[in-house]
Amino acid sequence: MIPKEVLEIADGIKTMRIRGASLIAKSAAQALRIAAERYSGDASGFKPYITKVANLLLQTRPTAVSLPNAVYYVLNRTLSSSVSEARETAIRSSDEFIRMVDESHRRIMEYGSKLIQDEYVVFTHCHSTAVVDIILQAFREGKRVEVINTETRPLFQGRITLREIAKNGVKVTHVPDSAVRHFIKNANIVIVGADTITSDGYLVNKVGTSHLALAAWEAGIPFYSAAEFIKFSPASLEGGEVVIEFRSASEVLDIYPGGLADELRRLGVEVLNPAFDFTPPELITAFITNLGIIPPQLSVLIIKEMFGFSAGRIQLTVLEELV
Amino acid sequence: MIPKEVLEIADGIKTMRIRGASLIAKSAAQALRIAAERYSGDASGFKPYITKVANLLLQTRPTAVSLPNAVYYVLNRTLSSSVSEARETAIRSSDEFIRMVDESHRRIMEYGSKLIQDEYVVFTHCHSTAVVDIILQAFREGKRVEVINTETRPLFQGRITLREIAKNGVKVTHVPDSAVRHFIKNANIVIVGADTITSDGYLVNKVGTSHLALAAWEAGIPFYSAAEFIKFSPASLEGGEVVIEFRSASEVLDIYPGGLADELRRLGVEVLNPAFDFTPPELITAFITNLGIIPPQLSVLIIKEMFGFSAGRIQLTVLEELV
Amino acid sequence: MIPKEVLEIADGIKTMRIRGASLIAKSAAQALRIAAERYSGDASGFKPYITKVANLLLQTRPTAVSLPNAVYYVLNRTLSSSVSEARETAIRSSDEFIRMVDESHRRIMEYGSKLIQDEYVVFTHCHSTAVVDIILQAFREGKRVEVINTETRPLFQGRITLREIAKNGVKVTHVPDSAVRHFIKNANIVIVGADTITSDGYLVNKVGTSHLALAAWEAGIPFYSAAEFIKFSPASLEGGEVVIEFRSASEVLDIYPGGLADELRRLGVEVLNPAFDFTPPELITAFITNLGIIPPQLSVLIIKEMFGFSAGRIQLTVLEELV
Amino acid sequence: MIPKEVLEIADGIKTMRIRGASLIAKSAAQALRIAAERYSGDASGFKPYITKVANLLLQTRPTAVSLPNAVYYVLNRTLSSSVSEARETAIRSSDEFIRMVDESHRRIMEYGSKLIQDEYVVFTHCHSTAVVDIILQAFREGKRVEVINTETRPLFQGRITLREIAKNGVKVTHVPDSAVRHFIKNANIVIVGADTITSDGYLVNKVGTSHLALAAWEAGIPFYSAAEFIKFSPASLEGGEVVIEFRSASEVLDIYPGGLADELRRLGVEVLNPAFDFTPPELITAFITNLGIIPPQLSVLIIKEMFGFSAGRIQLTVLEELV
Amino acid sequence: MIPKEVLEIADGIKTMRIRGASLIAKSAAQALRIAAERYSGDASGFKPYITKVANLLLQTRPTAVSLPNAVYYVLNRTLSSSVSEARETAIRSSDEFIRMVDESHRRIMEYGSKLIQDEYVVFTHCHSTAVVDIILQAFREGKRVEVINTETRPLFQGRITLREIAKNGVKVTHVPDSAVRHFIKNANIVIVGADTITSDGYLVNKVGTSHLALAAWEAGIPFYSAAEFIKFSPASLEGGEVVIEFRSASEVLDIYPGGLADELRRLGVEVLNPAFDFTPPELITAFITNLGIIPPQLSVLIIKEMFGFSAGRIQLTVLEELV
Amino acid sequence: MIPKEVLEIADGIKTMRIRGASLIAKSAAQALRIAAERYSGDASGFKPYITKVANLLLQTRPTAVSLPNAVYYVLNRTLSSSVSEARETAIRSSDEFIRMVDESHRRIMEYGSKLIQDEYVVFTHCHSTAVVDIILQAFREGKRVEVINTETRPLFQGRITLREIAKNGVKVTHVPDSAVRHFIKNANIVIVGADTITSDGYLVNKVGTSHLALAAWEAGIPFYSAAEFIKFSPASLEGGEVVIEFRSASEVLDIYPGGLADELRRLGVEVLNPAFDFTPPELITAFITNLGIIPPQLSVLIIKEMFGFSAGRIQLTVLEELV
């Protein structure tokens, strides 16, 4: 029997009540911890039981990268321990994982803020808690920092960033997405978040990120991505493809005058709305990670240090075969 | 006495009732023609008279490039002709200029459509009559052409392009500005319009154009700008700077929910909204002009052939000194 | 009645008895001269007559660029002269054209040889009379010059170059096409011929030329193309597309052992064999022309100086409309 | 006394009866295993004995990289174990090495096939078993895959690839080497094999590979090399140079008509025929290895994980000093 | 008889009493004017006479480009006029040339100063009167301009620039040559002078110029060269090579402590000291010329407009053949 | 009580009697060894005592990278050992560190010399013992090697290199800093030393190094930096900034004629004199390290292998907190 709290967490992830890569990852680890603690069967049944819980969690949001990273982190350690220690291992590695996520966030904030010098102008795109925290940390350290941020059409997440930073007293200049190349010369540094990072150093992030990276590269402005270890994809090491989500045309059309939107639909105009794009490693100065500031080509090292070389292999396997 | 029709044209340009680079240029030439025809003074007074009319026209919209190109085209020829032929020259060169603008449009449509091969996907940005006509011409010639176009925030002029093309039965895919780099790989060719072109081959056009050019260059897609001769700036040949117009923050904020817009204004957030940006010649494959498909470095040749080397010099002079 | 010698020349071009860009161009001009000289009708009939001859010549090899350049050079001048002078103009401009082709060859040989310094190694591809003459001229001037040349699969035209140069005592190193990038570092300069040159500075030449240009660019070796004015395409100025000829698969397969070639054909393997490829202007240092050493962006200037801006326009028109 | 089977294997490698990097490596490991199993002397004599066998094997083909990788893999482990365990270690590590080579091949096939999406066109050069297997694996998974491959002058190994793929029902287009840049735009991905890979990420492979990489880079097509761990050179980590083999001019001339070949030889024309060339890391997207898809800069990591940092040091040492 | 004043001018140029490209050019034209005015022979003797004078002048400093440009400007016009008008033509074209040089200087100062915006930092190298005048003109127009300049080892000509600018009250920062790349980011624009410009857009200027251009290009800073028309080389259009002067090792060694300089000489150390280097067109934004701001690829246009296409041809000819 | 010899070493480092990265590092390790050996207190007091000594040493030259690398290498190991073993650990790890520095130097000399082939010309800048030893090693191995080196204004350290190499009989060509790009084409390889290397692969070295790297990259010449492991900065992994030292203007002005220097000072001219600059990883072929020839992106691996991931973290901490 799977405990009720575990089912609630799974449901929270599925319905997006629990959202944000870190929170999802920590909640999943927490669910595994609870499941282990509440287990009252005999030792030999524990591994099949925890595998079932893992499966349940994995099916809630199959495309996010932080969720399987959490689940496999705990599962690998648990399945490879002896029968008598499996339950203890599950509990301990859940705790360890959660601690690492929190520490990772603190370190990234600390390392990232060192990259911002006094009187720097930081350019960012979309909304990333890590980036907001880096900027505010630099500001709290007394640096005179300014920010340029984009609207980030179609969902205008740039407005969240804008408000969070501005209300702390940091000067922000807000520009349309199409003006990125025009204003990039005013910036000293670009820092964005990260959705997923592949083993060959590609950054998958909010659509428009690759624009900003290309313009920064052309202008000679360093481009950083703040990337917790849970964003790195072990599966990509084995050729696992990252699929770009295409969202509803309505997100684009909803702000169009009604008559026009209707006419466009009637004319059969296709409105495409990809959520993410790929930024190649040659446009990225470095990732800001919990292990330090590393060039994009070293993504594999993060995967190896945090998950082990075989993590991707396991992720691409049918779970039941592992027990 | 300046004829009433001339004053009406000047007023029309000033109040933007008359708009679009071609129409402004042709109307200004027409105004000079009318002024010359109606002139009834003696021959020696004609040159000061027509200079005064030219001055009147120039002051209506000082920043557009097609207006002074029209005025100086007629004025140079008139002032350098003999006293007795000056009036005739003014009439004849006005007619000639208007004919050339029309012919220029036809030729660009014709040359540009040849660049579009069967089954080509054309990427465009903002709204340009020349580009729309090029695409529809290729379509009428039986080529299966598709179009990708951007929203073009903040004024959404991409919607005009979208409607004009879609209602003629051409398939259009509409994407947010931030998705340009993501979709550029689906295109075979980029064609945009032109606001102003400088002597060293820079294209000044709707903000976001330089983005599109940079992404096309990275992806190896040819990038063309359809540019009537009236868009080339003789003044730039002599170092005359092209100033980018910054438009009202309201154009950006007007679609934001009221509470947020108010809060942002209260927080003193700066919203910048440049109308244009610069695309450097190394990102441009060629301009489509009335003299043919030419590389951007040959802008000077267009200026020389259409206006003469000294046109810029005269444009930067106080008019009265010329008589 | 079209004179018999004219018909013979037309036939010679058609059946490729007359071949090579220069010879075709000069023969066509010669044919027009003969046609004009033999004309015995009244003055008013001359223009339709010569237009008919022009048409005949143009249809012999529709894709070569030197042929229409010759025909239109003479035709434009003839049609725009007065009725009474048309015949004389046709004769004079034929002579002028032939003289210019010869002089063009001499000048290119002279200018090109100056680019070769003592102890230079010249890399070339395929076979070009102009390039062979440039190299031999430099050799005759006492420079110690060496040559690297490619096989130029599938027709092995590199062997012709190899023999022509080697038998004059110049040291030649012969390499497979796939070894170009390996040996480019041993060269000081690349010189190739030209088939056609477009108004935006693209070089159309024997397939493999763009390879050599790309490798030379990467290695920092200057890349020149020896280009008589008859190779520049006025039609391209107006968007006229240059179509790449695909030749028979047999040219590739003929040297394969019989059993294998048969098996491949049975398996339905497609063997593609394009005759030419495009080299973009950014990979070309300069063209060696009769007007001097010019950067590729100045192709338009050659077209303008040698043929006039409207030459392309006329080439793309139905001839009969011109009379 | 060295066992007869060991001598036969050594002879097989030397006379190229045993060929192909994997087979050579596995045979060498097998020879060491046999030598260890048959050893009947006392424990203290084992290390000198196995060193002697290693030396014998190394001298059979001094330039291949997979042979020393096999020998040193076994030897390092054996020499660093205690006297009493040395023989067991030799047997065990030989088995381990052979298993790893086989597993490496399976993993590369599996990871590589994931890089091929449905309807992809794969461009390849020369002949590589790994590449053929990757393509056929993708095809078996139901993807509609097409292939473009080169002749690969002068030995035409492209024909082997062509036949192996075509006879499995995959559509192949076959092109001359000089047409690579012309056709690269038709491809979605390039995958080639690998002869040797250096510690700074250079790929040494069949001459023409660097061409293909350069053209792919220019066109924005990803370029992969399928590289078993036995292809990575530990010696290069310590500055050991990879020497390019130059093969006989006859390989080029043999298909020339007799008279011409003779004349060329008489004229003293030099025909150069390098077997390999260098592709620099900036032209390589990633290597497909048994540890996953890794950027070329991580070659050192493969060397470290599979052989240890000091492997190169030992390879460059006189063997006898090691005992 | 050649007039005494003419001989004095020739001597002044030869002994470098008359120096600086403009002064040399104007003095040579002045000498030709005097020679023409003083001529008292009959009309038929004038052309041989003036050719002799021209020859005398050309031999004074064979490598400077402004001297032959002056001489041939006058000579071409004179020789191609009728016998009766030759003397008048020589006088008139001398005056015209001198006027053009002066006007050229004024225009370049005027156009160049427009490129400098308020609060701009200008980076320059070596010493150029045109650049100093451009900067001071911008300063006089009220712009707050600052300058970074190099020492320009070995002759430290940067000190001349430094003093001329600083004593007018403009802030100058002075840096060693090796620090160019470090400081380039602080500049908004680079402006240097020009020694010679070739037909394919290469700038020959003080050694170190190409460094500055390369660093500016990498950093995205525009790079201009102020270039009077007399610096453009018609001879280069025909392949005439520009030879770089190597100056005495003493210029480098003179500031070394005596013992060291002696020891180095004794050790046979070679000290190389080239006066100029080549900057390729792709590193140059534009030339500032009397005809306007033009991209480097348009050098040919300046040559054509100011001297005619055949100027180079004549320059490379033996003068006597021209009469 | 801190032993007198330790205080003397600290003083020697502070007053720059002890200089050069290796010597400083080894002396600091030696000081820690002496301090440990002389310690006579009880075991529990050793860690605070050795921390105090470490602090003393660290304060002598806070900006050098090799000093803290030495101190932390010993300190980390000591503090993490048990109370009873701390003193032994300090002694052992000091010895180990010194041995590693010496071995590192030998290996770099050995690996680097393998990169120099017979008849190679090596370009270098400033003075680096490692580079001089690499060149002399290659020379001793019988390779015909030549050297080009720069003056290295303002302190002319190039003269030291020049003398050390020339007096061993190696041919050296000495050139001004501004002539680097002019002569780079004559070189086959560039090898420079290293002051500090950051975790993202940037090389901090004598100002002018980045010039040389940029020119080498443009010309396709490989660029190496000989870098002992003590030059790699663990602190940079965590965002620790490398600050460039600006030295006195006198170093530049001292060789200026007195009147001029005074005048410049009076005019308030600023003379900037940075000691180092940054060379980005994309301009660096590889580092020559004791672990082998590695691409710049693998700096992190050196830090990890030699110091551990957390070394930087500890370096940025207040020492007392560690006990």
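Order of writing sets the labels: A, B, C, D, E and F. Residues in every chain begin at 1.
Quick note on the criterion: a contact is a pair of C-beta atoms (placed from the backbone, for glycine too) under 8 Å apart; a residue touches a chain by one contact, two chains touch by 3 or more.
A quick note: this is a predicted structure, and the numbers were derived from the prediction, not measured.
Interface repeat of B-C: among A-B, A-E or D-F, the matching pair is D-F, sharing over half of the residue-numbered contact pairs. Among the pairs C-F and A-D, the greater number of C-beta contacts is found at A-D. Between the Cα centres of subunit C and subunit D there is a gap of 44 Å. Distance between chain centres (mean CA atoms), subunit B to subunit D: 59 Å.
If you average the CA atoms of subunit A and of subunit F, the two centres end up 38 Å from each other.
Centroids built from CA atoms put subunit E at 38 Å from subunit B. Residues of subunit C in contact with at least two other chains: 218, 297-298, 301. Pairwise, the chains that make contact are A-B, A-D, A-E, A-F, B-C, B-D, B-E, C-D, C-E, C-F, D-F, E-F. Listing the residues of subunit B that touch subunit D in their complex gives 185, 218-220.
Touching subunit C in their complex are the following residues of subunit E: 199-201, 236-241, 281, 297-298, 300-301, 304, 309, 312. Those residues of subunit A lying in contact with subunit F across their complex are 107, 110-115, 117, 285-286, 288, 291-295, 297-298, 301, 305. Of all the residues in subunit E, the ones that touch subunit F in their complex are 150-154, 156, 159, 162-163, 166-167, 171-183, 206-208, 210-211, 214-215, 218, 244, 252, 255-256, 260, 263-264, 267-274, 277.
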